[in-house]
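The next part holds the structures, each set out as structure tokens.
Heads up, the next two complexes both have chain A, just with different partners, chain B and then chain C.
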Partner chain A sequence: MPYAVETRDLTRIFAGKKKRRIRRKRATGEGEDHLGPVTALDQVSIQIRDGELFGMLGPNGAGKTTLIKILATLLLPTSGQAFVAGHDVAKDPFPIRQRINMVSGGETSGYGLLTARENVWMFSQFYGVPSKVSKGRIDELMHTFGLWDKRDAKVRMLSTGQRQKMNMIRGFVTDPDILFLDEPTLGLDVNAARVIRDYITNWVRSQKSKTVLLTTHYMAEADQMCDRIAIIDNGKILACDTPENLKRMIRTETTFRLEVDTIRDIASFSSMEGVKNFSHTDDISKNRTHLTFILEDEGPVAEILSTITSQGKKVHSLQKSEPTLEDVFISMVGRGFE
Partner chain B sequence: MKPATVRRTDLRYRIGLNLRAVVGRSYPRIVGANREPSWIFFEALLPLLGIAAYVFIYQSFGARSFAAAAGNTTAQAVISANTNALIASVVLGGTMVAFWLNVLWSMASQLYWEKEIGNLQLYMMAPMNRMALLGGMAVGGMVMTSMRAVSTLVAGILVFGVIFQVADPLTLLAVFFAALIALYGLGMMFASLYLLWGREAWNLSALMEEPIFFSSGFYFPVGGLFRVPGWGPIIAIIGSFVPATFGLDALRQLTLGSTAFGGQLWIFDVKTELYILVFMAVLFLILARYSLRYLETLAKREGKLTSRHQ
Partner chain C sequence: MNTFWRTFKVAAWLGWEMDSNWTEPWLFMVYSVVKPVAGAFILVLMYTVFAFIGNRPDPAAFSYMYVGNSFFIFVGSVLFGTFQVIQSDREWYQTIRYVYISPISYYVYIVGRAVSKVGVAAFAVAITLAFGVAFLGVQIHLTVDAVPLFAASMLLGLAVLLAIGICLGGISFLTAKHTHGLAEGIPGLFYVFCGVLFPLSILPSWGQAIGKAIPLTYWFDITRRLLAPTLGVDSTLAGYSDLTIMALLVVSSVAFFGLSLLIFKTGEYFARKAGKIDMTTSY
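Moving on to the complex of A and B:
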């Protein structure tokens, strides 16, 4: 049985910037990033089953959006292949386009002079959805997403969150088989994010053969929603499994979280014996540093503590915890997420 | 895989899909654009100012020649007939300016702008034919601009007391639509080129505004250019690649009578010009289709179909 999505050694390389720009950047010394060609996807092979809610987890620039754009027939692979609903994205886009839709967080699509309802209706017309059917679905979805009050508001009058809900409705209104969601809850408040997450989960679970590929920065979101998750960094898939299995992979390791006074000298931790990996984030407002250690066992804890106190810093809290997806990520990539 | 819903691919389905897409894409132009009543002032009445400037110049030239020909009533009759025909030419051309501006700014540069706000990727991802997208833009633009042009024309007729004589309304309609389709076909072709050129394209549009007003003869019968020795005919021939040139020439012949200006200022007869316009319409539509297909593939390869920050 073909997969809903399958890629084989999918690679995408973006050409570097023009020479003239590089020179200017060098001259001003700003932004050293991607001057030469960028390998956004590096031999990615994944299989997403029909009916699966599949998550892609990775830091900024990992290649998540690039993958979605290729699958949505908007970008061609440099090498390798990608199939959606059994069709090659490069050779046979039409049957793919009939079956997919895509919504990205922070999208600014649509026309400001049209109302929310009209905008969604317009996009549904590009999929040939009969007007009556489309309007019926839109009204229903607007109720579900709590956008009914704003149905006749002009799009340019909508708040970011309301706009995002409208975009989600645009994604569902064409009744796709495969839906690509690129950080759908980006910048939403807790309630709005929950409504959207619940709807997505329910949409996949309650119907046969509805598939979602979702990218996110939010570990908890991926953990809670997804059947399987691929961890991607620098264009490479590092792991792909159920959230439980991913966490089990590092179960033999021990996770410690510390909150300490802001410390600068953290280099010594990485050379410590028994420290597999660690990450740190500074909480500037509280003048604290949060440290997460992935340890082979509890052995190094004493040494870590003495290193901190010898710098004259206070340890405010220390706890051993169940591994989260973030810990899996730290253990694989060697750095935190934010 | 057993698809959740069986998707149709037959011809009837495809026609329905693409007709819906055309209606959908033209909707924001027809309905949305008229939501702001200010268009009546900015887009229907303001163009009268540009027209008025030429009308006054032609009137004062006419008055001077009229005075110079004092005593010769035949000459005076010819002069006043020519002045009236010139003013009518300006009102007609000034009205049609709206279409050229619409083609430049809402067709040619449109896809670049759509890319910036993130609509383009949604259009390109949809199963509709790309020509339905361009067609929807064009139909919407034609309807919207026609409303503006008719308002300007009516206002111009009332303000400047112009009289048009339409002897052959069917040919007039045929010429108008052939010119319009050719003009928007050109716009569709540019739209796909701009997809790749991006920002530079804006400058090109700005560059093509005023010079085309001149070379296509929006404010004077373009045949006059052929009578300017040296550069005149060259400019006129280059300008003729914009369908507005033959369109305006034929429309003026059909509304002023081909004997106006002593029949001296026309390029070809109406029939020939109509054939040229039809040929241009077909040619530009075909070119638009192939250039968009080619450039879409190129853009997909280079990663230029979507804007970076989307």
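Moving on to the complex of A and C:
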């Protein structure tokens, strides 16, 4: 059986700025590198099985949206191949389009003159969903996602979050076999985000052969929902497995979290023996720094603490914790997500 | 076929909703009537100035100009309406990526969206002509015999216009800024060289050559011939029989359809390659 989604050495390079400008910069010998082409996806090979809820986890600019765009037939690969429902995205987009849909979070698209309901209905008509079936589904989804009150409001009158819910409904109303969700809960309130997560999970689990590829940079979301997760950074897949297995990979290591006074000199940590990797985030409002260490064992803890206190900084909390997906990421790339 | 029809239906519905979705329907009606009538007054003003300069009022020339100008309403609204579909879906509504990835024919989608523009324009043309006949002494005699030919020429002319609009659309996949200039410049070009305001014979010979190379020139000529046969203005196309002109229109609409497909598909391919389908330029 073919995979729902399969990519082989999929690479996407975006041309840099206009050639003329690069040439000028080159002449002056500056800023060449960030004007050059960007490799958004670098030889990505993944396989997503039929019926899987698959997550792409990665920081900003990792290449998640680029991958979704290619799979949704919006963008062509630079090299390599991508197959959706067994069809090549570059050569044969039409049969793919009949079976997929896509929703991007944090986006407010829609025809402002139509009502929320009309807008969704219209898109369902592009897919040939019988009008009556479509209307039934829309009503049901509007109840579920808490948009029922706004069903007959013009799209231009909806808030950002309401438009996002409407777009989520647009994704489900065509009942696709494969659904691409790019950061589906971005910017939604806690309650709405939970409702949508639950709906997605249930939608995949309760039906046969419904596949979802979702991207996110919320660790907990990926951990909670996904059957398997690929961790992506800089266009490269660093790991791909179930959340449990990913966490098990660093089980032999120990994770420590510290909250200390804002600390500037952190370079010395990386050269300490036994420190596999670490990340730090500053909490400016509280004047604190959060440090996460991935250690080979508990050996270096004393040295870490003395390094901090020798700078005259106070340690406010220290805890050893179960590894999370974020720890997996830190252990792989040496930095956190924010 | 099923796909095309489905696309067309939904796109036409959407286009109509957008063109007619005024908060007050009566305002839409008033606007639809007032706008063409206001346009007619501008024509009267233009004509008065011309007649004043030339120092001899010429009712035939006025009718010529009036009828030509009325039909020119189609050019602006169909060309611009077609080209704007991609533009507005991309920049304003930001729906283009979702329309684009749905199982439709995007080409037909654009045609469908433009159809309501044709309808609104047809209404404006009719109002303008009616106003001219009723109040300005414009001479129109459409005989019953001429109706089928007239209808056919309308279809062909609109097809050419749509095709040109889609060519512009195809280009605007790749560059939004320059296409805007084209969409405004091309109607201007047609206005001068297609015998809208004055007969081609007024132009120098190179200008006449340009005019004769544009299919719309023949379209304007035949609509005018059928609608107002008694004008007797020398259009320089007198040597062409009605059927020759129709044949020319058929050939050019087929040619422009082919060209529009080619440009559209090429534009689409390169846009998908460069990641520009859903770009927002906010130029």
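The rule we apply is simple: the second predicted complex is superposed on the first by the 322 of 338 C-alpha atoms of A that agree within 3 Å, B and C clash if a C-alpha of one lies under 4 Å from a C-alpha of the other, contacts with A are read in each partner's own complex, and residues count from 1 in each chain.
The rule is simple: a residue touches a chain if its C-beta (ideal position, glycine included) is under 8 Å from a C-beta of that chain, and two chains touch if they have at least 3 such contacts.
Worth saying up front: this structure is predicted, and the values here are computed from it rather than measured.
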### Message
Taking chain A as the common reference, can chain B and chain C both be placed on it without clashing, or not? Answer clash or fit.
### Response
clash
### Query
First (chain B), second (chain C), both or neither: which does A:G16 touch?
neither
### More chain A residues in contact [chain B versus chain C]
B
### Query
Between chain B (first) and chain C (second), which does A:G110 come into contact with in this model arrangement: first, second, both, or neither?
both
### Query
Taking the superposition as given, does A:D175 touch the first partner, chain B, the second, chain C, both, or neither?
first
### Message
After the superposition on A, what does A:G136 contact: first (chain B), second (chain C), both or neither?
### Response
neither
### Task
Identify the partner contact of A:F126: answer first if only chain B is touched, second if only chain C is, both if each is, neither if none is.
both
### Query
Is A:A72 contacted by the first partner chain B, the second partner chain C, both or neither?
both
### Message
Under the stated touch criterion, which partner chain does A:K210 make contact with: chain B (first), chain C (second), both, or neither?
### Response
first
### Query
Between chain B (first) and chain C (second), which does A:G86 come into contact with in this model arrangement: first, second, both, or neither?
first
### Task
Give one of first, second, both or neither to describe whether A:R97 is in contact with chain B, with chain C, with both, or with none.
both
### Task
Determine where on chain A the residues touched by chain B overlap those touched by chain C, and list them.
14-15, 69, 72-76, 94, 97-98, 100-102, 107-111, 113-114, 118, 122-123, 125-128, 170
### Task
Would you tell me which residues of chain B are touching chain A in their complex?
1-5, 7, 9, 13, 16-18, 20-21, 23-25, 27-28, 31-33, 35-36, 117-119, 121-128, 132-133, 297, 300-303, 305-306, 310
### Message
Touching residues of chain A toward chain C in the complex: what are they?
### Response
14-15, 69, 72-76, 94, 97-98, 100-102, 107-114, 118, 122-123, 125-128, 170
### Query
What residues of chain A sit close enough to touch chain B in their complex?
1-4, 14-15, 50, 69, 72-76, 85-86, 94-95, 97-102, 104, 107-111, 113-114, 118, 121-131, 170, 175, 177, 207-210
### Task
State the interface residues of chain C toward chain A in the complex, per the touch definition above.
2, 6-7, 9-10, 13-14, 17-18, 21, 93-95, 97-104, 272-275, 277-278
